[in-house]
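Two complexes follow with subunit A in common, the first pairing it with subunit B and the second with subunit C.
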Partner chain A sequence: MTESDAPTWRVPPRWVLLVAVLSIVAAEVGGGAMARFKVELTRWARDGMLARPSVHGLVGVRDVDERILDEALVKFDAGLRLFHMHAEGMGLVIIATSTVAATVIGNAAARRTIIALLTTGGAGYPVGYLAWSALIPSYGLERSKTIAEWLVWVPFGTATIVALWCLAGFVAWSMISRRGARPAG
Partner chain B sequence: MILAPAVFVTLLTVGAPALAHHVGAYVPKDNAVTTNFKQVKFSVQAAKFDVALRLFETGPLRAEMRTHAASLPPGLEEGTRAALAGGDGPEVERRLMIFFAALSRDLALEADRQIARVDTTADIRVDIGRKFLEAIWRYYNLVDFAVATRDNKASVAVRLAFDEAETYVKPATGGTAPADPTGLRKPLQRIAQVLSTLIESSSTPSSSTPPRRNS
Partner chain C sequence: MIRDNVRTVRRPPLGVVLVALVMLALGETAGAAMSRLKPEIQRYAAARIAANAAAHGFSGSAEYDDEVRDRVIFTAEAGLSFFHLHGEGVGLVLFFASALVAAIVPGRRVRTVLYGLLTLGGLFPLGYLVYGAAVLEMGRDAGIELAERWVLTPLGVSVIAGLVGLWLAAARRRA
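Moving on, here comes the complex of A and B:
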């Protein structure tokens, strides 16, 4: 094999890179806004919870309710932090995995499908944390988690996992076929 | 040459989803009153009565005592302040014990009242009971040792009633009876009754633990 025949990394489609970069930008903006508007966000969430006492199981006794509100506010804050962290991380995951897919997968249809799944799944999954946080004041901890799970985490997470396992299969297949093609001795 | 990093990236990211989708854990924190109680208690234990007095005078513990004055033995707040000013550790402990016992008793009475309501479902009443039990224990747990050293029977009675109450709010698992809000009322009433008796009997300094005052 000559130098010119050696395989090289292929850049994934531009729209994939754009989505990945946007995901990272959203993470940074979210993280910044979370710190800048911490008091306002907490007040908004607290007011929303106090407006729906039955949703959150508030009993009208401060010693009991403070603990419930505190837990919900901690989870509300955790959701925002997890969005920031996951959007940042998944942006990089999209770039890395779609680069591998663009390079390793020869079949165009399979390559396009896997890259599409990696990109939509990777970009959509972190939004579930944002949705969870936003829904907590209106629907309570458990119900908002269920909504975020079924609308965002399960579909987008499944897309990412399926795409990653297919990619792992393609990488393994590529290794096996190269080993088989190598001349003996 | 390309396959090695490709394998690395793929393995790294395939393993990642297993760690994902966690939503954080909540560890209950002290509220302002229990935090201030601990500050005062530790200052008293370290014999820093001037620090303890300042923390009491400026903290939410005293404000809470004033808020609940109607359901507390008369003069509890002034007596606590005087004991701190006089450097009387056991008296401070006794008065704080009475205060938290009273808070726990009031919560047990309120829990019993809310659980007795028939306009809500059993599940909601069980949930209310569970939340009240958490709040009761958060306060009572702070003074259980002080209660046990003065009235061991009361301490045991409260803990037994609490354990019994917890069995009524535990979620049903295979083969066990479902959570029962009506069964919860009796142990709650017992907690309130035992604590009322304790508050009454502790409201005057015991002759066996004479107050020590700096002279």
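Moving on, here comes the complex of A and C:
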């Protein structure tokens, strides 16, 4: 094989790249907002929790309540951080994996399905962390986690994991079939 | 490379792409397992610690042994957590670095060496699986020592060497 007929990349559809870049932008904005509006966000979450004492098990004893509020605020902050981290990472994962899918998968229907799963799964999953944080003041730690888990993390995470393993299978299959097609000698 | 007025970018061999994808997929799967199977993982870790009591230096004092067990379980979970984080990160590093090698490094032999170093380094996250398993089987300090010395360090050096090689090749090309 000469340099000129070396295998090349194919670019994924434009909407995929736009979604990926949007995810990275949202992550950057989220990270910036976390730092810039830390006090306001904490105050908002704390006020929301104080407005629903029964949801958080607040008993009216300052020593006990402060510990509960602190724990919930740590989780609230963790949710925002995890959104920031995952949205950045998954944006890059979408770009990398959809490029591979566009290049390697020959069958158009399979290619479209894998790219759609990678893109929606990758962009949707990090939103679960944002939803978790936003729901903590209203629903408490456990219930907000359960809601985020079943509405966002499980469906979108599963989509990404299934699509990634399928894509790895397609790449492996492509390697095997190319090796088989190579002329002997 | 210009072909029919369409600019195309060379891609790395599929074997390299496959390793990057498998690392990403393993990283994602480990993240999901950590979240969904936490109690089962902790139970398994506690059972392995009990089966290797001598390696963990249990004294027979419940208070001391509980503290040791908690610390080892925490370390094993940290190994899994590092595996999730590094699987995602190093998978992407391998993908983008090898894509750069394919696109800008002239000379097939140099490219092959860089692919080799980067792909070997792409296996670095597996060191954290070894780390998590080894602390359960051999005790915390011995397990960490084994994983760091024999897996994480050589694979980490490989990825660093590959990235330095890519940087040098890019700088040389520019000059």
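By our rule, the second predicted complex is superposed on the first by the 178 of 185 C-alpha atoms of A that agree within 3 Å, B and C clash if a C-alpha of one lies under 4 Å from a C-alpha of the other, contacts with A are read in each partner's own complex, and residues count from 1 in each chain.
Criterion: a residue touches a chain if its C-beta (ideal position, glycine included) is under 8 Å from a C-beta of that chain, and two chains touch if they have at least 3 such contacts.
This is a predicted model, so every value here is computed, not measured.
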So, after the overlay on subunit A, do subunit B and subunit C clash or fit? They clash
| said: Output check: A:A96 vs subunit B and subunit C. Expected answer is one of first, second, both, neither. What do you get? | reply: both
(Q) Output check: A:L17 vs subunit B and subunit C. Expected answer is one of first, second, both, neither. What do you get? (A) neither
Margin query: Quick check on the superposed pair: does A:I147 touch subunit B, subunit C, both, or neither? Answer first, second, both or neither.
Written below: neither
- Given the touch rule stated above, what does A:V104 touch, subunit B (first), subunit C (second), both, or neither? both
Query raised in the report: What is the contact status of A:D70 with respect to subunit B (first) and subunit C (second): first, second, both, or neither?
Result: first
Inset, instruction - Could you tell me if A:W9 is touching subunit B, subunit C, both of them or neither one (first, second, both, neither)? - result: both
Exercise for the section: Identify the partner contact of A:S174: answer first if only subunit B is touched, second if only subunit C is, both if each is, neither if none is. Expected result: both
Partner touching more residues of subunit A, subunit B vs subunit C, is chain B
Next item on the list: Quick one: classify A:G157 as touching subunit B (first), subunit C (second), both or neither.
Entry: both
So the subunit A residues that subunit B and subunit C both touch are 6-9, 93, 96-97, 100, 103-104, 153, 157, 160-161, 164-165, 167-168, 171, 174-175, 178
Touching subunit A in the complex, subunit B uses residues 1-3, 6-7, 9-11, 13-14, 16-17, 20-24, 26, 28-29, 31, 103, 107, 110, 114, 124, 127-128, 131-132, 134-135, 138-139
The residues of subunit A that touch subunit B in their complex are 6-9, 57, 59, 61, 63-64, 66-68, 70-71, 74-75, 78-79, 81-82, 86, 93, 96-97, 99-100, 103-104, 125, 129, 132, 145, 153, 157, 160-161, 164-165, 167-168, 171, 174-175, 178
Subunit C partner, complex, touching residues on subunit A are 3-4, 6-9, 89, 92-93, 96-97, 100, 103-104, 149, 153, 157-158, 160-161, 164-165, 167-168, 171-172, 174-175, 178
Subunit A partner, complex, touching residues on subunit C are 1, 3, 8-11, 14-15, 17-18, 20-22, 24-25, 28-29, 31-32, 35, 88-89, 92, 95-96, 99, 102
